[in-house]
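Both complexes shown next keep chain A, but they swap its partner, so chain B is in the first and chain C is in the second.
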Partner chain A sequence: MEYVDPLTGFRVDGRRPNEMRKLKGEVGVVARADGSALFEMGNTRVIAAVYGPREVQNKGQQVNSKEALVRCEYRMAEFSTGDRRRKPKGDRRSTEISLVIRQTMEASILTHLMPRSQIDIFVQVLQADGGTRSACINAATLALADAGIPMRDIVTSCSAGYLCSTPLLDLNYLEDSAGGADVTVGILAKMDKVTLLQMDAKLAMDTFENVMGLAIEGCKAIATYIREVLLENTKRLECQRG
Partner chain B sequence: MLQSKSFVKKTKQGRIQKVVREHYLRDDIYCGFVPCSACDAAAERKLVADAAAILVVDTNVVLHQIDLLENPAIEDVVLLSVVLDEVKNKNLAVFNRIKALCTNKARRFYVFANEQHRDTYVKDMVGESSNDRNDRAIRVAAHWYQSHLGESVKVLLITNDRDNKRKAIEEGLNAETVESYVRSLAQPGLLDLVVVPTSGDVTMEDVEDHRPSKRKVIYSEHKPMSEITSGLRCGIYHQGKLRVNRYNPFEAYVGSESIGDEIVIRGRSNMNRAFDGDIVAVELLPQDQWHESKSFIADDDEEEEEEEDVHLVPNSADDAPRNASSTQSSVGSSAPSVSSRPVGRVVGIIKRNWNSYCGSLQPMPMPAGSGGVAHALFVSKDRRIPKIRIQTRQLENLVNKRIVVAVDSWGVLSRYPSGHYVRTIGDIGDKETETEVVLIENDINTRPFSTQVLACLPPLPWTLSQEDLANPNRQDLRHVRVFSVDPPGCRDIDDALHCTLLPNGNFEVGVHIADVTNFVHPGTPLDEEAAQRGTSVYLVGQRIDMLPKPLTEDVCSLRADVERLAFSVIWEMTPDADIISTRYTKSVIKSCAAMSYVEAQARMDDSRLVDPLTVDLRNLNSLAKIMRQRRCDRGALTLASAEVKFEIDSETHDPLDIGIYQIREANQMIEEFMLAANISVAEKILKHFPLCSLLRRHPSPTKEMLEPLLRTASSIGLNLDVSSSKALAESLDNAKSNDPYFNKLIRILATRCMTQAVYFCSGDLTFSEYYHYGLAASLYTHFTSPIRRYADVVVHRLLAAALEIAKLPPIFQDGPQLTGIADNLNYRHRNAQMASRASVELHTLIYFRTRPTDTEARIVKVKANGFIVFVPKFGIEGPIHLTPKGDKGGDWVVDEVHQRVTKPGTNISYAVLQTVRIHMEVVEPQPHRPKLQLTLI
Partner chain C sequence: MAATAMDQDGGGGDVVTPGELLGNSLTLVAGRGAYADGRSVRASVTGHRRIVPPAPGSDDQRSTVEVVGHKAHGAVPQPGSVVIARVTKVMPRMANADIMCVDSKAIKEKFTGLIRQQDVRATEIDKVDMYQSYRPGDIVRAVVLSLGDARAYYLSTAKNELGVVSAQSIAGGTLVPVSWTEMQCDLTGQIEQRKVAKVE
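For the complex of A and B:
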């Protein structure tokens, strides 16, 4: 199948190779949580809720009392994919993604400012259409910001792939399942530091650099958007206060 | 802007799933009209419409009228993405042609992504078929163009769909059918390109046969697709690609995986309108009908039966007539022999392989009152293709021309398919025209290299750089006495050698091959072009290069006295030619002499010469002789072919003289070292890349393939042991008689029973299948001619990667793509050979046109009404008739077992391998249709 039309240069869904899907971010969607956010990348929709910082519930888990303990739980809603299949809780994929999100977020949270406390991040995929990992990280960033948790920088994530000899930004499910390479990158936007890099196929070195460069561009664009969302939200709060 | 597309689909597991996909609509798609000021200034623009209108075409126009669209008279065409998508789904070949038009900078074909445009995207309506929806999308796009460009520019929708045209006109659009539009251009010749719709009530079917009694159903209807699918599933039908016998167009074969054997299809009615290369569904006939009978020709009756022409001696079984029926020969032998091979008939066509074909019109009386539409029969040069009916308004211009015709349809009522004229190549018999026909028929790309390709060349003139010398992976061998030996006048020198006596009494022998991959980098336009061409093509007096001339004749060519980059295989050998060590390296060489075979041979033969170069040659030669003997002892076959050489007039380019290419010891010496280098490289690359090496194998001939050889041999009392290549090689060596030419003749007959060697990807086969039968080598590849064969380029890259001096290009990780490359190389290689043969045949004909000749010939096969002779002096063979054509061989008696014809009551008889004197002359049985005729003196 041709994932990039050789004549028009458009992808299957009408985007150009270096275009991202439509983004949507909203904070404060779960009233009970300390911070929460909804994040959409095209048809991929993710909700994140943050509790904390609060007292460590299970002292056994605390490794270092000088730093806050970050925990993360990732789940896919059973209705999030087309097929009606039961996914057992705590399967290997979920465990792995939970770990990835936790490590990525930990890298930006100023944990040393919150000793003897814990932060819980819950992420749930409501609708999956490729790029769920990235959407989860972006949602978590928004939710953490909403909860007022001190962070070094905004962490954002975006994926890029390589199909039909073309680097493609932000793969949707169709493109993702084409079997080409899929590079997921997470960065600290202002500091220009890569904190997450995953790839599940082989790529030639120079191709890989192009694909990764594209993903980083995507991350930066998302960071700009997330800043706008947060700014909007702050303005709204200001207005409410009067 | 965003649209959601949702639809249901069935998953592989059979569940029904609802799929929702995003569909982005955009406002940055432009109209492509050059004078337009509304669109972005930087946007690509192609449409001019200075003369007439901007044309919007529908799917069927592209699918059926592609020859018309390709004609330069048609310009300013808008191709909508909805149309392109439909074309791609329905016919990939047409899609590739329209794609080529759209990307051709010289043509004004503009792609408009209407499905992505905010204003031209149409939503599916409830109850609307996808056809109707797409027609509507086309009309909406045409509207957009009209309103976007304003009234000053005419936008014209071209469609043959009556309903669509009516709706368009109702909606205020300009719309016309293809024919009426072409008529309005007032170029009568152009109308021949228009495919007349066959579904309508008009047409060809009515007029095609002037005899009303002949209006009968000739073929059975094809089964509907649903029936074929279920038939295939339950094993009643078998699917496969139909291959028509090149030498007997009434016989075809379908390789079926479900049966694991070839199914034979006999006769046009059983072939049921299938073309060579079609994917067909076949039904087996009851077993009692599997025997051969002559009856199958009966239903094809009349003029069609053609006879064998004079042609070049086949070099392999792939060139030779299939043996299944050929021994039963053309006429007379009616004894049915029971065949063990399944016989079937075509019940449906799964995928058509219709193409355009080169040929000429069957001579016919000029109809009275010219200018009107005439119906003519087109005869393809490719005998596998049936005659094709066409209609033309320019008959008088076409009768004695080579033309290209495309097929459109073939109904059950019509003996022949219908098609349309595409273009004229030139006069029949004219050398340039016939050469172009050869090139077109064999799908050989003769276009000049594009600027993108030429941009990949190194700056010229090229000289050795310090960088190359400083490269630690490149050994400086400029001090070594390297030389090359090639055919006279060779300008693309691939290979050079050296041979140095070492202090320990051993020899260091090096084979140095042009380092083409130093200049041709993977993935560049230059590389892609070379991969596509696959090989250089050698015609008589003409060469079509795989790589641009600066590379083939200068930068890569290992000419004398210049520094060149090479890829070297260097052995240490004992004086008994045992290889002690092998090493491989990139190198810099400076050849001291570029000799021809004749020169090299003369040096070796001249005992007075003792200069170092001559001594090297003699040393190499004695090593080569030992290697050759050893190879023959292993069972390598020494096959014989009769390669013809022309001497060409430098001004007229007509052949002046013709003769058999003489093979000297010097040729064999070079060949021996090339074989050794290829084998050494094959071992090295396979060791490092067991799954993705490109190798070359030669399948062992089956008993059935050797049948004709055995039959001829036994008829003269010669026993051949074919149980292995070694046994066969020995019996060929022992085939001697007091006739000095006898052994060569037997070898020539053996050669034509073998298939050709083929390239393959090592991951696709098991080790035992890698065997090269002809060379008796367990491994073989091509490394020594990268200037003119792409396989060698691939192998150079593998070897460089195996030596860790270069990365393996990513393509080698893609098994199917590698197999695709091997398949293409086999196809190109085969075509190049066919083209060379056809070119030689053409020049043979031209040579004898003015030179009727008497010569000696050998009978190679006896037939009912004559025999086939081989003419050793000119490397051709052809039929000799003992009785005039039409007279079915009455008074001659054929003895099949002893391959002998006798005239009863006399002592005149002819037997296989007998020498006869013949007369060769070019005759014109029909005007402008010259052919070489052989007659007995």
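For the complex of A and C:
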């Protein structure tokens, strides 16, 4: 199948190779949580809720009492994939993504400021169309910022792939399942530090650098958008306060 | 409101997001909501940037930069902070209490505290009778000694101004302090034993 039209250079969903899907971020969608956010990348839609910092509930999990314990739970709604039902892989995939999100967020949260407490991050995929991992990290960042949890920087994530000898930004489900390489990058936007880098399949060294560079550009664009959402929200809150 | 005033003269450009550069650590000190990363001072929460000039006469002539977010952080007990706690259980050698306020700020989560027998008062600490000092339901002002064990903070009331500040008698009336060890019921006039705080 042709993922990039050889004549026009457009992808199957009409995007250019270096074009991202439409982003949408909304803060404060779960009233009960300390911080929450909804994040959309095209048809991928995830919701994140943050509780904490609160006292550690299960003392057995506390490894270091001088730092906050970060927990993360990733779940996919039954209805999120529609008819493209994924093969029953057990809970392996969810566990892995939970771990990835946790590690990524932990790298950014100033855990040493909140000793003996825990922060719970719940992410739920409402609609899956590729790039759920990235969308979840972006949603979690927004929710953490909404909860007012001190962070080193905003972590954003974006994926990029390589199909038909073209680096493609922000793969959708169709492109994701094409079997090409899929590079997911998470960065601390202002500090230019990589906190997450995953790739399935193989790529030549120089192509990989191009693809990763493209993903980093995507991350930066998302960071700019997330900052806009946060500033917008802060201004809105201020207007309400009067 | 200070933050709003800042916003007006800053033209709204004073709202910052985590990771944003606030300045150089040679000229600025990171306050609340900010942190130093090597030479650069960055924001760690979303909110208004505020610059506090250095205290007159201090050695450090750098200004402090703070970021005030819209969500107040729930206060967390620190060693040395004065807390208000409600006694939940009294045992021969210790009393359990739920911390409600830290330094006059109400807390959102529940923290448990523990007052050991030797921390009830400053003198004759070996002769303390826990049942003559606290009753379940008493509101106690105490100071946090240490982070304690995994379950509770260690609290101490071994100072004049620390101890029971509000309590109910067995009859259900309000107890009025009579001396530093006694309180009297306002309904029945019955005297009850407590470690009473000297409230200013």
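The rule is short, and it goes like this: the second predicted complex is superposed on the first by the 235 of 242 C-alpha atoms of A that agree within 3 Å, B and C clash if a C-alpha of one lies under 4 Å from a C-alpha of the other, contacts with A are read in each partner's own complex, and residues count from 1 in each chain.
Just so it is clear, a contact is a pair of C-beta atoms (placed from the backbone, for glycine too) under 8 Å apart; a residue touches a chain by one contact, two chains touch by 3 or more.
From a predicted model like this one, the values you see are computed outputs, not experimental measurements.
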Contact-wise, after the overlay, does A:14 reach chain B, chain C, both or neither (first, second, both, neither)? first
Of the partners chain B and chain C, which touch A:152 in the superposed model: first, second, both, neither? second
Going by the contact rule set out at the top, does A:237 touch chain B (first), chain C (second), both, or neither? second
Once the structures are superposed on A, label A:136 by its partner contacts, choosing first (chain B), second (chain C), both or neither. neither
Is A:214 in contact with chain B, with chain C, with both, or with neither (first, second, both, neither)? neither
Scan A:169 for contacts with chain B and chain C and give back first, second, both or neither. neither
Looking at A:22 after the superposition, I want to know if it touches chain B, chain C, both of them or none. Which is it: first, second, both, neither? first
Which partner does A:199 contact after superposing on A: first (chain B), second (chain C), both, neither? neither
Chain B or chain C: which reaches more residues on chain A? C
List the residues of chain A that touch chain B in one complex and chain C in the other. none
Considering only the defined contacts, which chain A positions touch chain B in the complex? 5-8, 10, 12-15, 19, 21-22, 42-43, 82-83, 129, 172, 174, 202-204, 207
Complex contacts: residues of chain B adjacent to chain A: 2, 11, 15, 17-26, 79, 81, 84, 99, 102-103, 111, 113, 115-116, 807, 810, 813
Seen from chain C, its contact residues with chain A in the complex are 4, 7, 12, 15, 17-21, 33, 35, 37, 42, 44-47, 69-74, 76, 108-111, 147, 150-151
What residues of chain A sit close enough to touch chain C in their complex? 34-35, 53-55, 59, 62, 65, 108, 110, 114-117, 145-154, 188-191, 226-227, 230-231, 233-235, 237-238
